[in-house]
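Next come two complexes built around subunit A: one with subunit B, the other with subunit C.
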Partner chain A sequence: MKKVIDFEHRMAAHCETGTLTALLNYNGLEITEPLVFGIANGIFFGYLESSNFPFPTFIVRSRPGQIRENISKRLNIKLEKYWFKDPEKGEAKLDELINKGIPAAIQVDFFYMSYMPEWLRVNINVHFINIIGKKDNKYIISDSYHPRISELDKDVMRKARWAGGYMAPKGFLYYPVDVPENVDFKQPVIKGIKRACRNMLSIPVPFIGIKGIYKFADKIKEWPSLVRDTEHLSHEIMKINILLEDQGTGGAGFRFMYATFLQQAAGILQNEKLDDMSKRMMEIGDKWREISYFAAKIGKNRDLGKEKLNELSLLIKERGDEEKEFFKDLRKTV
Partner chain B sequence: MKEKDLYVDFKPQQAVYYVEKDDSTYGPIVSGSQISHDYLEDYFFKKKNLEKQLRDQMADNKISPVYYYMTLYEMGIGDLASRVRVSKRKLKKHFLPKYFEKLSIPLLKRYAAIFDIPLASMFQLVIVKQEDQVRIEFDFMKTKNDCLIITKTGIRKNEKSDRF
Partner chain C sequence: MSNSNSMSVTEKEQLSYEIKNLIIEKLKITHITADEVDNDAPLFGKDNPIGLDSIDAIEIVLALKEKYGVRLADQNLAREILVSVNTITGFLEKELKKE
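What follows is the complex of A and B.
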């Protein structure tokens, strides 16, 4: 089989918003990645302790799949979605779509994306890529995290699509089948903002939203009791930088992307207050980035005594205070 | 963040970041990763130390290869147990050499598949001397026999490291 769809490959900050934005653009809808992120209320915070992770961690975006579902609902876009128990059936469906010239997004375990640098490749089952062709036994891939179109062997792709474990992909694939030509973004933008405020301020769970930021600030002081040695602590502290900056966030734990969304939203709604909120979010993002720098620096220097961790904790708490005020004010602007 | 403050020249790891452009609009740029640019050597240093610590523990019969690979690949117990389709309690037993010795070949094959290593690597570690690492290459060839991998080793034709 030899077929490559004429698909414009573009890098994006995040895999889920990147694949979805690219598919929507391909199907004729002009929409940006930040708009997809904001309309789908992607901004989030959660501090998680689970045996599914090797160490306590935090998330800065909504649950994987939520962005896709919210966009589908709010923009009235019909998506065709499939899960497959049987890999052969899942591969046959994907091949059929390629043959018909339909690019599709699939969910994979990031560990198997061999075109990515080895130091980035970890077992995360919620990576999304677009499949845009097949040449013999290799799938042609548009991955938002990679500068160029890539290829992956059919056998490796099978492992990636049917990796078991936490949030297993189960061969999931989707593609848009009905995309409206003209979309009025006003109501979806308002809904996205309102829901984001609710998620950050009002979910009655002690590790979600602003409460999650405070929990993170408290818990980080206990990390020394959870590690093997100083190098392990250094690694986990430096991962704060990676989680905020490098794991497909667009910088500062999605805060820069959200600021961009708010700027675009200000134009759509003709609301100057949103422009001010956008600037405020950019400043909050800058301060999250200070945390990234600080964590990387103390981790590298192995300067991980109680005093430094308290300092880091205080910086995180301050971000919580600022975001609490920010989302309260944002709620009033729409 | 202003574009000029964020941009890092680091080709091996590029990503999209959102920044404030010169005209005050916000938008995406492609830049290298700051942490990888500044601290990748430190990451490899720590990883190498961890590998050695775990290897020594394995050689002292204190931990099993299951624990070795799980820790090295930074997998959670719940996630790995679910991938291998065993309970977390059972998985924790497999961390110990005395239980690891009793594992069946099919279960070991499941572990090897998840760690993406040949089955043989559950029983032996091959280490290349530091000074030869750039020169030596391995080619693992699968066979129809699931339990057998043929490993060809030799001098790399292009001696440049492919790490970057």
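What follows is the complex of A and C.
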């Protein structure tokens, strides 16, 4: 088999929004990655403690798949979705789509993406890439984290698509089948903003939204009692930087991407106040980035005494205060 | 800096030198001077005597924001830009031209 679809490859900040944006662009809809993120109310915060996790963690975006579902609903885009238990059937479906000239997004374990630098490759089961062709036994890939179109051997791809573990891909693939030619973004943008404000301010769960940020600020002071030793604590504290900056967040835990969305929303809605909100969100993002740096630095230097953790806690609480005021004001602008 | 659209060779060299000094100063590097840093050598890993790590990368991103007012928001982009002194210079040249 030798078929490569003429697909414009572009890098993106985040794999889920990047793949979806590229597929929508391919199908004729002009939309940017930040607009996809904002319309789908991707911005979020949650502090999670569960027996499913080896250690408490936090999330800065809505759950995987939610962005795709929200975009489909709000922009009236029909997506065809498949999960496959049987790898042979899953591969046959993908090959059939390639033969028909239809690019599709698939879910994979990032670890197997051998074209990426080795130091970056970790087991994350919710990485998304677009498949745009096949040459003999190699799939042709548009991965928004890689500067060029890449290739991956069929056998390695099978391991990546049917990797086991938490949030296993289960051969998932999707592609748009019906994309409206002309979309008026006004109402979807307003809905996305209102929903984001609701999620951050009003969900009555003590670890979600702004309450989640405050919970994180409080609980981090207790982390020393949850770890085996200083090395373990250092590892967990340094992970704050990874979760905010290194996992396709667009920087500062998606706050920069949301700021860009608000800037574009200002143009779409002809609302200057959203421009100001965009600038405010950029500044909030800068301060989240300072938390990343602070956490990475004290973690690296094993400087993890009570005083430093209190300082880190205070910085996180301040972001909570700022985001609380921010989302209250944002709600008033639309 | 000149008023024309692109920087002269001398201006680029000055900017590169400034970046090297910024990195050395911010990261408190004492074993090497700006003159000893090869503009083309990778900043991260063993091929450059500076040998930076990912935490140093955040510090450089914050320093570039503080000194030049440019925000390197996306880490995928940051990986492409923080390759060497020359790639940072190229990025700053484009960004400063926008102002």
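Note that in this section the second predicted complex is superposed on the first by the 329 of 334 C-alpha atoms of A that agree within 3 Å, B and C clash if a C-alpha of one lies under 4 Å from a C-alpha of the other, contacts with A are read in each partner's own complex, and residues count from 1 in each chain.
Heads up, the rule we're going with is that a contact is a pair of C-beta atoms (placed from the backbone, for glycine too) under 8 Å apart; a residue touches a chain by one contact, two chains touch by 3 or more.
None of the values given here were measured: they were computed from a predicted structure.
When both complexes are superposed on subunit A, subunit B and subunit C occupy overlapping space and clash. A simple residue count on subunit A separates subunit B from subunit C, and the partner touching more is B. Contacts of A:Tyr145 after superposition: both subunit B and subunit C are touched. In the superposition on chain A, contact is made by A:Phe256 with both subunit B and subunit C.
Contacts of A:Asp286 after superposition on the shared chain: both subunit B and subunit C are touched.
After overlaying the two complexes on the shared chain, residue contacts for A:Asn241 are found with subunit B and with subunit C alike. When the shared chain is aligned, subunit B and subunit C each come close enough to touch A:Met11.
In the superposed model, A:Lys194 makes contact with neither subunit B nor subunit C. When the two complexes are overlaid on their common chain A, residue A:Lys273 makes contact with neither subunit B nor subunit C.
In the superposition on chain A, A:Glu231 contacts subunit B only, with no contact to subunit C. Across the superposed pair, subunit B and subunit C both touch subunit A at residues 11-13, 144-145, 147, 241, 245-246, 248, 250-252, 256-257, 260, 282, 285-286, 289, 292, 296, 300.
Interface residues of subunit B facing subunit A in the complex, by the touch rule stated above, are 1, 6, 12-20, 25-28, 30, 33-36, 38-40, 42-44, 46, 49-50, 71, 73-80, 82-85, 88, 113-114, 116, 163.
Interface of subunit A with subunit C (complex): residues 11-13, 144-145, 147, 241, 245-246, 248-252, 256-257, 260, 282, 285-286, 289-290, 292-293, 296-297, 300.
Residues of subunit C touching subunit A in their complex: 54-55, 58-59, 61-62, 65, 71-78, 80. Within the complex formed with subunit B, the residues of subunit A that make contact are 11-13, 18, 33-34, 50-55, 111-112, 117-120, 122-123, 144-145, 147, 159, 163-166, 168, 231-232, 234-235, 238, 241-242, 245-246, 248, 250-252, 256-257, 259-260, 263, 278, 282, 285-286, 289, 292, 296, 299-300.
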